[in-house]
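Written out below as structure tokens is the structure these notes cover.
Think of it as A, B, C and D in the order they're written, each chain with its own count starting at 1.
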Amino acid sequence: MNISILRRIGVLFLIAGIFFSWSCSKAGDSNVIKIGVIGPMQYSQGKGHWNGAELAMEEINSSGGIKVGNEMKKIELIKADSNEIASITDAANAMERLITQEKVNFVIGGFRTEAVLAMQDIAMDAKTIFISVGPASAELNKRVKEDYDRYEYFFRGSPLNSSYLVKNSFIHLGYIAAVLKKTLNLPAIKVAVVAEKVQWVEPVIAAAKSTIPAMGMELAGIWQPSQTASDVTAELSAIQRSGAHIIFTVFSSSVGVTFVRQAGELKIPALMTGINVEAARFDFWETTEGKCEYVITSANYLENITINETSKKFIDAYRKKYGEMPSYTAFTHSAISNLLRTAIEKAGTLDADALIPILENLKVETSSGTYKVDENHDSIWGPGYSIIMAGQWQDGSFKGIWPNNWKASDNAPAISYEGVAPVKFPPWMIEAYQ
Amino acid sequence: MVVDIIISTLINGSIYSILAIGFSLVFGVARIINIAHTAFYMLAAFCIYAGTNSFGLHPVLAMGAAIIFVTILGLASYKLIIEKIRVHPAATIIATIALAMIFQEIMILNFGAEFLSVPVLVEGFTVVFGVKITYQQVFTFIFMVILLISVWFLLMKTKLGLAIRATAQDRETANLMGMNESMIALVTIGISVGFAGFAGAIVIPLTVIHPHMWLSPLIIMMAVVVLGGLGSIKGSIIGAFIMGLTEAIIVFLLPMGSFLKGSVALTILIIVLIIKPEGLFGVSIEGE
Amino acid sequence: MQLEVINLRVVFNKAMILNDINLSLNKGELVGLVGPNGAGKSTALKAISGLIAWRKKVSKGIIGGDITIDGLIVFNGERIDEMPAHKIVSNGLVLCPERRKPFREMTVLDNLLAGAFLERKKVKIKENLDIVYQLFPKLKSRTRQISGTLSGGEQQMLGIGRALMSQPRLLCIDEPSIGLAPIVRAEVFEKIMEINKRGISILLVEQEISTVFKMTSRNYVISSGQIITEGTSEKLLNDNVIRKTYLGM
Amino acid sequence: MSILVYLRRLFVTIKEEIIILPTKVITILFILFLLVLPVILPDSYLMRVLILAAIFAMLTASWDFLSGFAGQLNFGHALFFGVGAYSSALFNLLLKIPPAGSIPLSGLVAVLAGLIIGFPCLRLKGIYLALTTIAFPIILTGVVNALPGITGGELGLSGLDKLTGSRIGDYYIVTLLMLGSCTVMYKLTQSNVGIIFHAIREDEVSLKVSGINTTKYKLLAFCLSGLFAGIAGGVYAHFMRIAGPSTLSVSTSFTIIIYAVFGGVCTIYGSVAAVYILFPLMEVFQLLPQFRTLFFAAIVLIILLYMPSGFIQWIIDKIEKTCSRCGHKNHALRKICRFCERPFKYY
């Protein structure tokens, strides 16, 4: 009897071993370029990652593929659900699986910074090029500078890093304050800062404290609700009490929706601007039941504004295929069809070490402007490169309102994108101040 | 400022108390720690969303349907799963965690993990003592008061309430009075889940719906219940208002630290428990 | 025969608490069940009133004991050993539990009303309430008091009164004298006699043997989970071995 | 000559003690499998999965030690894990202590955490304890977010030293650490301390009455459990090279409990086995990512409903039976006990 039990156990282990060795030894197909798309696939961010990449793959493959040296290679996308919003462990495992099991040539995606930091290390261990599309933290690129030999395989795709985002949204603030002052004849503008409590916001708050007075405005107060707060009416009444004309928001999660919704319901006489990631989504009007009217936020893709031909083509193709505006994580499209494609065609190889110098010196038009990286492999912000537009919800559609004759410095040429719309003010606000 | 704090306390406190009473009632009567309690709250929210968006129901109708659906679901999950394992507290906790996870995943499969919303019943706001509050909040508050009064009536003036109170105090003796303990547990679960659904229906028009929305009220609700004393309804109500007050004070006096409101509330909870381990009005369950 | 218990056996985990108990009780009788501490008296009452079966249902689990219950219990010609406790009550077999167990946070009146849970007619409840108040006038004066604040004797009276509200045909009383002053004890026993005279059979579990033996018609002596002997009070008191070994007199 | 004697003795032990009991055979085979695997199949992904499984096995076993054996239901076990992860990250990043030092130190810090939460929790029992302990990691998360300068806020602390530098090295270190610590915990629970833990769980009052200082033992349980969980946290931080707030999340606490229940509470080995089954299984389920959590939760419900003593315990009951007279274990097919020769029949 012992022997039979032993034998059964032995057979079990044998089967397990065979299964594992089979699953672990998938041979890589050298005729395609394998790109891993990693992201929280259950969530809208992950869907953006995947849709953008899928669109790029279809476009490239239908045109025959990417020219690598003398052969045309097609793209194969590998989807990896990182589940990073729930579990960092899962995210790291997904990255490892992409690299060691699927043997991908490149990885694009990522969303939550804590997870991307863990994923980054795995990709760097395997010397695989990893273009992040999603996290805004500058931390990721600091590593490139600190330890170039290890982290040279990492590039920031989109969005711009948080300090640029903030800088840019302060410019939005300045623009809106100027318009507001002129329209309503206000002597001085008061700004309330409302930021969710996350780490990348800390420098924003520090900056707000010094920048807002420096811009000739008064800081009415700073509020920091939690990321998942479901009731901010207390904060809102405190803000109204402070007499703020503008609410400078820094939101990346659900509290952004709640805040806008409740502010709209209470008709707080102040204009919202700043960063509110959720507010830039195409379905934000439905999500807030129309309460987001007059809300301004930073945006990467806008219907009425054309940055360049690449952007216009991408937005059109995306809307045609998926019936909605792309979210910012759909930059995976540009990461593949602009960055990787150009670099691979120039290098004539898929070898990471040969591609890095090319990517470092690449200057290419993408769907969110001209892409170029600095020495940190961080994408550059500024006139002539990528800048972040501002959009305002006006009557059910998200309209670009900035850059509208923006001068980066006194002597610089004014920048205006085609199709930009004027800023509108809520009637209850006009009423309150006239 | 003081008026702001009071109004904010009243509104949040009444929401917390409705959630906490249901949770506390089930614990008292059936000794079930129902982690899935707020998951039913989440489900009600999604039901209303589906009702108004997919079936085009009027919001009030959708609310009613949601509460009924959630109650039935609660009863079914009690009958099919919890009743069989409720004997061991750890097993019930884990089973209800699993239930909540299942609900959450099914909602993700059906609706995706995006933020959704439903329309408010009455749009706009009113000004009370110089503080803007939305009609929905006024509504919420009134409904909560009505609900609290009807709970009080049910418990103190009806035979069922007598049985529920008796069972909550001593299940064995209540059994000896001819009270069918498992039947009463079932009824209580129904009431409790109905409350959770009701709280969901009334609160969500002001906020966002997403499949993970059950987690943060869960923590606050448990803090409220433990603070007030498990199984004590009076305790739940008082605990709810204490928590609401703490949060309001933090938001108004410490705006930069308003994210801390959860942590501070929980710290208060722990301090109270160290001083008085069974909570403010808790029944001692040592004998069991 | 109103109650008949045949070969009742209760095992907790592996400890045999009751080993093949046999006892019976006629209508209108007042029967004592006596024995030393830990003999299994209370367990026997709990088994008869269905609480063991309930506990069995409640206590199995991830880390839980195992309870086995075996045997036959017949009440009024009906098997009740597999009946849930609340059904047994509606059949007329009511247990007044050890240490009274009032619903401590409820008023005296609520406690009594809880006892009348199964009765639907308001008139009947009122009638029963009057009977109980007549029997225990002290309770009447304390109708609105929270029962946790009553004295031990009052709580015991409340316990018995509450059991009476369930309109028992057989009332099982578990150690009514425990923790009471001698004067109060005497009063409680007096009341029990009075209830018996009203035609309600009583199965009384007690350690206070001298008093019990004066009241009861028959007694069972239980020790270590086994019925040692049964008989009238005189017979048992006359048996020297029984008296010295089991009754400690 | 003497070597032969030893060999013979070893052979006899194997023959008399091990081979006759399927659980022992499985345990030995499992350990051998773990030790030999990287040699046969040096796949870095597989090793990664098994390393993480080992870390979570340690963590789950430490939960079982505290909550299963000593009965101190802890629903916030992630606290120890997070404290371990953060403290080893801080030791490593600020004081430049290598992993060999920072991991044991993080264990000590977690012991301290065990003491700090153990003291207030001594007065609490059962459900109150469970609900209170949920709060601790959440409060700590609040503190972490409030002090981004030290803790890195929600990004966590990254850029820690590698555990060893090679995957195989990591694998052996973590696996041996797991085997070692789980053996220590198992042996402890089988010793007198274990008996006292049992007694605390079952009836604390009578234990107090018999003159045993239950406070001391409960604190001991908190500390030891904290130690192993802290070490697991430290190892996790160094392996993932990041210590972030996700280590403190509610779902981490809940997942551990689910593992333990799957394996069978109050066993230690059940926890280990459960993690080694469920963790790789969840990886396989990456093929259907949208059903993963659903599947996980459904398994838990099924286990609770049909195998209340845990899946592993259920299997053990199927392959082994205990003699009711002498208490020795026998494999399920034996007709009589191998020690006292009592026949296995229905009693």
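Observations on the model:
Here, contacts are C-beta pairs under 8 Å (C-beta built on N, C-alpha and C of every residue); 3 or more make two chains touch, one makes a residue touch a chain.
Just so you know, these numbers come straight off a predicted model, no measurement behind them.
Averaging C-alpha coordinates per chain and comparing to subunit B, the farthest chain turns out to be C. Chain B has the Cα centre that lies closest to the mean of all protein Cα atoms in view. Subunit A and subunit D have centres, each the mean of its CA atoms, that are 39 Å apart. One inter-chain figure worth recording: subunit A and subunit B are separated by 36 Å, centre to centre, where each centre is the mean of the chain's CA atoms. The mean-CA centres of subunit C and subunit D are about 48 angstrom from one another, to the nearest whole unit.
One simple way to say how far apart two chains are is to compare their mean CA positions; for subunit A and subunit C this gives 73 Å. With touch defined as above, residues shared between interfaces to two or more other chains in subunit B number as follows: 85, 88, 90-91, 108, 215, 257, 259, 262. Residue positions 42, 197 of subunit A are each in touch with at least two other chains.
Among the residues of subunit C, those touching two or more other chains are numbered 60-63. Listed in rising order, the residues of subunit A touching subunit D in the complex are 1-2, 5-6, 9, 13, 17, 20-21, 24-25, 41-42, 80-81, 83, 86-89, 92-94, 96-97, 100-101, 113-114, 117-118, 121, 137, 139, 143, 197-200, 202.
Contact residues of subunit A toward subunit B in the complex are 40, 42-44, 196-197, 221-231, 233-238, 240-241, 254, 257-258, 261-262, 265-268, 278, 283, 286-289. Here subunit B touches subunit C in the complex through residues 85, 87-88, 90-91, 159, 162-163, 165-166, 169-170, 172-181, 283, going by the rule given at the top. Considering their complex, residues 27, 33, 81, 84-85, 88-91, 93-95, 97-99, 101-102, 104-106, 108-109, 215, 219, 222-223, 225-226, 230, 257, 259-260, 262-264, 266-267, 269-270, 273-274, 277-279, 282, 285-286 of subunit B touch subunit D.
Residues 67, 73, 75, 120, 123-128, 130-132, 134-136, 138-139, 141-143, 145-146, 250, 254, 257-258, 261, 265, 290-291, 293-294, 296-298, 300-301, 304-305, 308 of subunit D touch subunit B in their complex.
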